[in-house]
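Letters A, B, C and D mark the chains as written, and numbering starts fresh at 1 in each.
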Amino acid sequence: MIASMLRFLTSGESHGPQLTVVIEGLPAGLEISEEDLRRDLARRQGGHGRGGRQKIETDLARIVSGVRGGFTIGSPVTLVLENKDHVNWTGQMTASKEGFEPKVVTRLRPGHADLAGALKYGHTDIRNVLERSSARETATRVAAGGIARKLLGHFGIDVVSFTQSIGTVDIGFDGCDPDILTEDDVEKSPVRCPDPEASQRMVAAIDEAAEQGDTLGGTFRVIARGVPAGLGSYVHGTASWTAGSRRRCCRSTR
Amino acid sequence: MIASMLRFLTSGESHGPQLTVVIEGLPAGLEISEEDLRRDLARRQGGHGRGGRQKIETDLARIVSGVRGGFTIGSPVTLVLENKDHVNWTGQMTASKEGFEPKVVTRLRPGHADLAGALKYGHTDIRNVLERSSARETATRVAAGGIARKLLGHFGIDVVSFTQSIGTVDIGFDGCDPDILTEDDVEKSPVRCPDPEASQRMVAAIDEAAEQGDTLGGTFRVIARGVPAGLGSYVHGTASWTAGSRRRCCRSTR
Amino acid sequence: MIASMLRFLTSGESHGPQLTVVIEGLPAGLEISEEDLRRDLARRQGGHGRGGRQKIETDLARIVSGVRGGFTIGSPVTLVLENKDHVNWTGQMTASKEGFEPKVVTRLRPGHADLAGALKYGHTDIRNVLERSSARETATRVAAGGIARKLLGHFGIDVVSFTQSIGTVDIGFDGCDPDILTEDDVEKSPVRCPDPEASQRMVAAIDEAAEQGDTLGGTFRVIARGVPAGLGSYVHGTASWTAGSRRRCCRSTR
Amino acid sequence: MIASMLRFLTSGESHGPQLTVVIEGLPAGLEISEEDLRRDLARRQGGHGRGGRQKIETDLARIVSGVRGGFTIGSPVTLVLENKDHVNWTGQMTASKEGFEPKVVTRLRPGHADLAGALKYGHTDIRNVLERSSARETATRVAAGGIARKLLGHFGIDVVSFTQSIGTVDIGFDGCDPDILTEDDVEKSPVRCPDPEASQRMVAAIDEAAEQGDTLGGTFRVIARGVPAGLGSYVHGTASWTAGSRRRCCRSTR
């Protein structure tokens, strides 16, 4: 049985007029407000070492379809996140030929999809790639995730996540007890690691890497609690979002 | 091979702030303008016997993502159709609890999804259903279709459609020659039947039915010309509705 | 909400060792037997004017997965239909290089996908196309449909279909009353038209066309009875193409 | 653009007559033999600490559709893996009511889907779950993967994988150089770790855990080499299997 009943598509350029996400498949009667989504969007914008862009935008996901009087009505939910900075970018980003005055970008950023994207479509202006292969895109997924969280919450399922490792600083699989972990434990840390001491060392590691013009990878874990046994599928891989047992809740275990 | 590489989701209530469609999968470099879409949207609003709603709205599909300087850039294209009438409906249609003052609709329209929708979700206010099970929703699909038409046009494929029958008036499978049919032949008729005489009889039949408080069904045919042989699939049904040859271009043949 | 929870893939060449269909998404506990499928498969093989191939094969869909002791267990159901004639075709159809002795087919059948398929893949042996673009392929879909019928039957939904028109012989939309139609009414006719007199005229029309080396198209209607209101979706087209107008309404009855 | 053009469904119970996989979307003209798949299937059956079941079966994937004279023809490819042991299980596993003599299993295995599956469908005989939630199911995916490997190989892409860690033994992200790694380097190790010394420690760790009736988790890395830049998508998450650069080739980076 196909477990997933939600479909969504995201869109929007980093400096375009807006980001958009359409989510199809939500039942009617789910209570959702713009306020509900604000907290997740704010969390996305925090974190030690994030770029300056995060600071200009205080994201608000405007609900423009699918919700009436505070409750979903069964039709697709559309969220719009305006890019407040767009007014300064209309010459670069207008959809029309008229008024289009691009400053062509030719410098490829390492660690992004810039080169791959340019080769894929033959773009000579890298802006055509970077406007989409941008951290900004994740805002729509965070907003969509906020709605999924509301749906799961209705069934007593809650989802928390935290940073297990950054660079060589690793609290290990047993570094935190997922059964008692709270979101506050996580949010207190600028790198979202519930272990305060490790958290400090992670910050130091990031700063050290930054000084050398480098970045660091890491590991995060997502814990879903209250998931009823039997949700998902064990009979076919493609649809098998199963999670469930605590031991499987993080993808790479030791 | 899965022939379809385009995915889209539509959203929006009939009296909500906007209709939206996100189209994913378009290649970069396709020339698209809001003007391109205007003609199809205007055609949708014409036709003998359409409801009054069609007259208030002169639809414009605003491109808010995926197009830069007149050309697609490879990222999802988002079209927004504002509902100009929404300002008069904010109390009915606001997403928030605040300011929500619904006038509950309890009368079920026959021939619509009103009853089915109400039973599906347990709605007591039928507006929750009718706002989506509305002809207005088709505007997004027309706009998306306009973009698909541009993509096909790039490959020398054009698509025309016409009305073959309304009620008992039927020009038959051989009633028009699809090889020489032009869109103008179709547009001249208020019911989009390229046969002028039959067209008049169709108008009369509609008027007669309307007098009796009834409506009429009909048959339309879609002709795709210039489709290269080999497009689509003959090996698997799910992905392979391709038509192609003239004989198959309409689903019900004689 | 995506209404469909069943996925399936069919495979198999017309003269290969077997046809196969894998059906994923059936719940556990549904009673299914090879006998259940036999009737639909036999119906597929009947009908006035069918080719000679239909006569050699008396299809049996062997259940090789997903069913235990007469009931589905929740895992994918696999049906295998052996091609009894395959023993005479091993030199033509073997998957291996060894023993492969093809008699190359170069004659393209009109009204089939032969030309399109040959152009699609550059086949010089048309057998590579015709083995799949063959009426034989439909046997797997009939078998899969038989299982879907069992699932629907569990919920009190039954599905009957009949021929409304062949060539110019048409019993019209009101030519049969779908509420009282039985499968026996349909099966009595060699062309599956419940109107005995029209049925005879259809047979005559087919014979006449055959004499001229031609074939005839037609219209069939599918009636689903007992469908609960609210099944399906009115909010999004992709999952809910349900027709609507009376002429096309073959899908839903008056 | 949806990068994936291949779809597949697997089926089959661990002690049923056969495992099956249907793969749809392969182009015509790809050279494939049963011999090609044998090696991957044999690799699947090796490895320190595998269960006894692996020893009885020497899997052969029989090609029963989609391939003719050694080359794909564009239609779906079906692979059948017979369960040689099935003859001893017909009373337990027959699809029919007749001859069905189940020995009901009520003991739930920890670390499997047994409990979840039983609760999902209300099974009282756990065999209904364990026959599918079994390592045996992976044989079909290995066989399908073997075909995907052939397709990628045609474009100069090769895929190797290895074990990076088992329990606390971890060779780290820099523990092997993916550019020069060969499959032989991996296959020499009973746990597929290319570092011989770490490999020995992993074997010891497994044995130690086994003595305590426990198992160990681990990390593996998959390296795709020769992937052309631009494959995949950077514009939408759902379809974006991109991998590509070496740095991203393993999901958990340092």
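One rule holds for everything that comes next: contacts are C-beta pairs under 8 Å (C-beta built on N, C-alpha and C of every residue); 3 or more make two chains touch, one makes a residue touch a chain.
Source: prediction; values computed, not measured.
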| item | value |
| --- | --- |
| Starting at chain A, fewest touch steps before arriving at chain C | 1 |
| Angle of the C-alpha superposing rotation, chain C to chain D, to the nearest 5 degrees | 180 |
| Inter-chain centre distance, chain A versus chain B - centres from mean C-alpha coordinates, in Å | 34 |
| Intercentroid distance (Cα basis), chain D paired with chain B, Å | 45 |
| Numbers and ranges of chain A residues touching at least 2 other chains | 7, 9-10, 24, 27, 74-76, 117, 120-121, 129, 132, 235-236 |
| Chain C-facing residues of chain B, complex | 9-10, 113, 115-117, 119-121, 129, 132-133, 137, 141, 165, 216-219, 228-232, 234-238, 244, 247, 252-254 |
| Sites on chain D touched by chain B in the complex | 1-2, 5, 7, 24-25, 27, 74-76, 235-236, 239 |
| Chain C contact footprint on chain D (complex, rising order) | 7-13, 16-22, 24, 27-29, 33-34, 63-70, 73-78, 93-97, 100, 102, 117, 120-123, 127-129, 131-132 |
